[in-house]
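There are two complexes below, and they share chain A, which is joined by chain B in the first and by chain C in the second.
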Partner chain A sequence: MLSWLVPQASTSARDIDWLFTLILVTVGFWFVVAQAALFTLIFRFRRRPDVAAAYISGERKEEKRWISRPHALVIVCDIVLIAGALLTWKAVKQDLPPADERVRIIAQQWAWVFVHPGPDGKLDTDDDVRTVNDLRVKIDTTYHFELTSRDVVHSFSVPAFRLKQDAVPGRIVTGWFRPTRLGTYDIQCAEICGIGHALMPARLTVETPAEQAAWYASRSAQGG
Partner chain B sequence: MAHAQQQSFWSRYVFSTDHKIIGLQYLFTGMFMGLVGSFLAYVFRMQLAFPGEPVPLFGVVTPLHYNALVTNHGAIMIFWVAMPILIAGLGNYLIPLMIGCDDMVFPRLNRLSYQIFFLSTVVILVSLFVPGGGFGGAWTAYPPLSASAQYNHTPWGAPLWLIAVALEFVAFLLGGINFVTTVMNARAPGMGPMQIPIFVWMVVIASIVFMASVGPLVAGAIMLLFDQLLGTHFYDPKAGGDPILWQHLFWFFGHPEVYVVLLPALGIVAEVITVFSRKKLFAYKTILYTAFATGIISFFVWAHHQFVAGIDPRMAHLFTITTLIISVPIAEMTFAFIATLYGGSIELRTPMLWALAFIAEFLVGGVTGIFLGANATDIYLHDSYFVVAHFHYTFFPIAIIAGFAALTYWFPKMFGRHMNETLGKIHFWGTIIPFNFIFLPLFVLGAAGEHRRIYSYEHFSQLFTPGLQNLRVLATVALVVMLLFQFVFLYNFIRSLFAGEKAEENPWKANTLEWLAPSPPPHGNFAEMPTVYRGPYEYSVPGRPLDYWPQHLPN
Partner chain C sequence: MVGVWLERRNPARGSRWGGVNRAASALLLAATAVWTKPAATCADLLARGRELYVLCSSCHGDRGQGDRQRSAPAIGGLPQWYVEAQLHKFLAGERGYHPDDVTGLQMRPMAQAVHRGDDLQAVAAYVASLRPQPWPRTQHSGDTTRGQTLYATCIACHGADGKGNEALKAPRLAGQADWYLIDQLKKFRSGQRGAAPGDAMGAQMRAMVNVLPDDNAIADVVAYISSLRP
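For the complex of A and B:
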């Protein structure tokens, strides 16, 4: 459902969109049933002359089942949704699949600094490439990112990846993503970080290994 | 009574210890702050719909303005509108009347509570006009942004905002002590725990939840104030502090706070739907127990605000489970309210329209909360407009819809006159229809990835599309329409105060004790202190000539 509104460009996006649809169907059912019951009762029992209201305490067992049975069904639905949420969370956030490459992301007021591993595929070597507001990753490659902040709390958010992680000063948070679709997508800061909060729009480009190699080569040709 | 008439205007209306006057002081202050909070929303919505254009009555909105507008809109609507109207205003006015006593047990503490609240109101309003402008670090005030003027650029606004919030907490702590003690000790003879009207129970549970959750935040707020003013480093990672600590202290209060305002709103709905459907409340005890369960579980859900904050990912599982479990008692209570209508004789007067609208609209807020409580979908939706739409579908029904249900329902008691029914219905539809056109588009914008607290989306190519911009304009236009319809209410309210049709003691033919007192009730409330013989919802009892059976009538 979400992919109608925003591209689905990572493995996590697929998992999260599946859970979104599961929740939508489940709560949508309850929403329709509850609204239908509410409006039906309002219409059916509107005041008529000479028709008195019934006296129902709702404390007797055969009356109470009108709320205790839906109550049990809500619990069943909750268990299904909890299971779906926990499994999806484990897959996208808790488990860390082995990395093909690593990138470093440093947030500050008000820009994103990205450290790419360079042609050798390793961070903290001479060929690392630092950019501002421009992150380039290879398709179908599992990345680990190391995320931190220089000043206040920011949040690294890539809607097309369904990825969001706060950048906290004093901490390095590790996460992962695996791009599945070529293209250029928005990076946002999702946690208010001062007067430039709207001015942290970075771009994320998912490209082929050949395109990335060419980009690295053009950077080193410029002496960058 | 002679004593009351000798009092001067000042001692009677300003420095009064009468629970009704204090209740009305809270109510009117809350309504005034509602206008302030609405104006802030109008300004930033105009900026989002027409970025960069001067906003009528305000001017061009800068990023510094924008952050202060959203921050203070949120803080004012929760702390200076929902809390004073639902808990302090209605709680003060109604609790002694509904339990059949002459006043709160600590009247001077009550007066002190309002005075501190009034001071907090002055401080928050002043903080909007100091050099650097009002605080702009969001109502959640996460450090290090909130802790240092170097980051937030509001050297005066930030500490003043924090002082105002802390004063407000003190005021409500005093009020809460009073509510709980009064209900425990001053009930009319014969009023056992199961004869207490649900609204009173809800205010008591809410007060207990508030008092038990606010302590850590008061401590946290003082630490933050020290960080701001004295150079301590409680939340500063550069000196060994931890910014996440504040998030825990804030949300340990912040999420129970949602239920603190929700429960009294549900209590209002229970009172109104029983009277206007002439029905006994369905499963009184179940409703009471679900309210207790909600209050208790609300202490174990706070970290669902922090799924992506850098907490241990394993901890998120626990908070997803507790958060989805809290849907169970709330759903059951909703079922009981809907079941109450079954077999009723429903009259759609203005208060009833508001109460039914509460159920219909709150359902939207309830079911959309599941998307956010589920940790995995929250990764995407966190800090998006989906969250904004979700909590407005909870807070708007709580503070505004239930607030109007209460005002229109108890207006004849408070002021001895009726409000105009036709104007009431025009105002109802003029509020409810635009309300949905404001916030339904925000669900779509949030699902499309629109993040919060951004003064302009022009730099985000995926968000600055004509389709999404049209939704922003739709929401803003709907907001302006809704705000214009509030003038109908203000006109009706003020005109009815002086020229409304006179109301008798019990115009709605209700059972609870406040309707025994004269309208408006004098100092001391009752001519003769009542005794209670039955529960509050004995409507349409078979074999009785009248379809209501007031609590105070002997068998």
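For the complex of A and C:
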């Protein structure tokens, strides 16, 4: 449902949107039911001539049921939602599916440096391609990223991937994503990092392996 | 203003001068309108530039004196054409484009902050209106005498006094911080500056660092430049 607003471009986006929908439907359904009951009762027991209002203390069994049954229901729904959240957490954060390729992401005030593995698919070789504010990945490929920062805490946020991960200087944070949709998406810094924080956007392009090979070739033709 | 003043005095002077004075005041009004208009927009531009400069001052200092802690050079009093040209380069990705150019990447988004309308021109005009704040020497390893010999190549563009040359688009170097000049010369050498396609002026300067074979030569020529005053 969220994908109507933000494109869904990775497997994690699918998992997170599933959780979002689960919460929205569960909570939304009972919200509508509760409001309907409330307004029906208000209408049904509205003021009438010659009918005195009754004082209901809520101590009789059939009165208390109005509280205890929804209460039990809320707990059941909560358990379902927590179970859903744990499943999603496991799929998105706990599991680390084997990598097809790796990229390195280096945040600094106020730019993103991306190290692409190059045609050989391996980091730290001569054909690595480094770019500023321009990340290119292949569709249906599992990437591990190594995220780090040169100065202060930044946060690597890709709304279309439903991915947000802090970059901490002195630490290498490993995470993963698997793009599922071609296109160009926004990357933004999601942690206030100084005067240029708002001016720290970057582009993420999900392309076919052929497009990526052509891009690598054009880079090496330019000599870098 | 002048026109109004003439009009007021007219009745007392009699009718003979009335027509002449009215014509003169109309002329004067027209003339002042023509003269003051460019002056007014120029002042507007400076006022706008001063507002925009608040952002820049957090690194370059309130008088454009530069700040070593932030690696920000002295920019106060640099000519408007040079400031504009550099801001355009930062915008176009012709400067601050290299993944290793940490300080250039810090400056780049700041140019994006002034890309709207004539903001860029306004802030450049304001920077140019500031008084240059010459830096004292901070690096003491360079040999000024050797530096003077090396500087002979640079004279053609930057001038014997290091004041720069607009026709050749070469900036003033005199008074600039020595740590910044060393840094920039190393960036030209490594291709972190002046190697972007389209940066013709940067490419010219990049070719010139070849006369400075090593870090010592860079330190020497900068030591000499630091002895020049703006």
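The criterion applied here is as follows: the second predicted complex is superposed on the first by the 190 of 224 C-alpha atoms of A that agree within 3 Å, B and C clash if a C-alpha of one lies under 4 Å from a C-alpha of the other, contacts with A are read in each partner's own complex, and residues count from 1 in each chain.
The rule is short, and it goes like this: a contact is a pair of C-beta atoms (placed from the backbone, for glycine too) under 8 Å apart; a residue touches a chain by one contact, two chains touch by 3 or more.
Quantities reported herein were computed from a predicted structural model and do not represent experimental measurements.
**Q** Have a look at where A:2 lands relative to chain B and chain C in the superposition and call it first, second, both or neither.
**A** The first partner, chain B, only.
**Q** Between chain B and chain C, whom does A:32 touch in the aligned arrangement: first, second, both, or neither?
**A** Once the two structures are laid over each other on A, A:32 reaches no partner at all.
**Q** Look at the residues of chain A and decide whether chain B or chain C touches more of them.
**A** B
**Q** Which of the two partners, first being chain B and second being chain C, lies in contact with A:80: first, second, both, or neither?
**A** The answer is neither, since A:80 touches no partner chain.
**Q** On the A-aligned overlay, A:199 touches which partner chain: chain B = first, chain C = second, or both, or neither?
**A** Both chain B and chain C are touched by A:199.
**Q** Please work out whether A:113 is in contact with chain B alone, chain C alone, both, or neither, and reply first, second, both or neither.
**A** Touch partner of A:113: chain C, not chain B.
**Q** Looking at the overlay, what does A:132 touch: chain B (first), chain C (second), both, or neither?
**A** A:132: touches chain C, not chain B.
**Q** Kindly classify A:213 by the partners it touches after superposition: chain B alone (first), chain C alone (second), both, or neither?
**A** Neither: A:213 stays clear of chain B and chain C.
**Q** Find the residues of chain A that appear in the contact set with chain B and again in the contact set with chain C.
**A** In chain A, positions 109, 195-196, 199 sit in both the chain B and chain C interfaces.
**Q** Sort out for me which residues of chain A touch chain C in the complex.
**A** Listed in rising order, the residues are 106, 108-111, 113, 130-132, 150, 195-196, 199-200, 222.
**Q** Contact residues on chain C for chain A in the complex?
**A** Touch list, chain C to chain A: 55, 58-59, 97-99, 102, 105-106, 108-110, 112-113, 197.
**Q** Touching residues of chain B toward chain A in the complex: what are they?
**A** 62-64, 67, 136-138, 142-145, 151-153, 237-238, 242-244, 277-286, 308-310, 313-314, 316-317, 320-321, 324-325, 327-328, 331-332, 334-336, 338-348, 356, 359-360, 363-364, 367-368, 370-371, 374-377, 379-380, 382-384, 444, 447-449, 451-457, 459-463, 539-542, 547
**Q** Can you list the chain A residues touching chain B in their complex?
**A** Against chain B, the touching part of chain A is residues 2, 5-6, 12, 15-16, 19-20, 23-24, 26-28, 30-31, 34-35, 37-39, 41-42, 45-48, 51-59, 63-64, 66-67, 70-71, 74-75, 78, 81-82, 84-86, 88-89, 92-94, 109, 151-153, 155, 157, 159-160, 162-166, 168-171, 173, 185-186, 188-199, 201.
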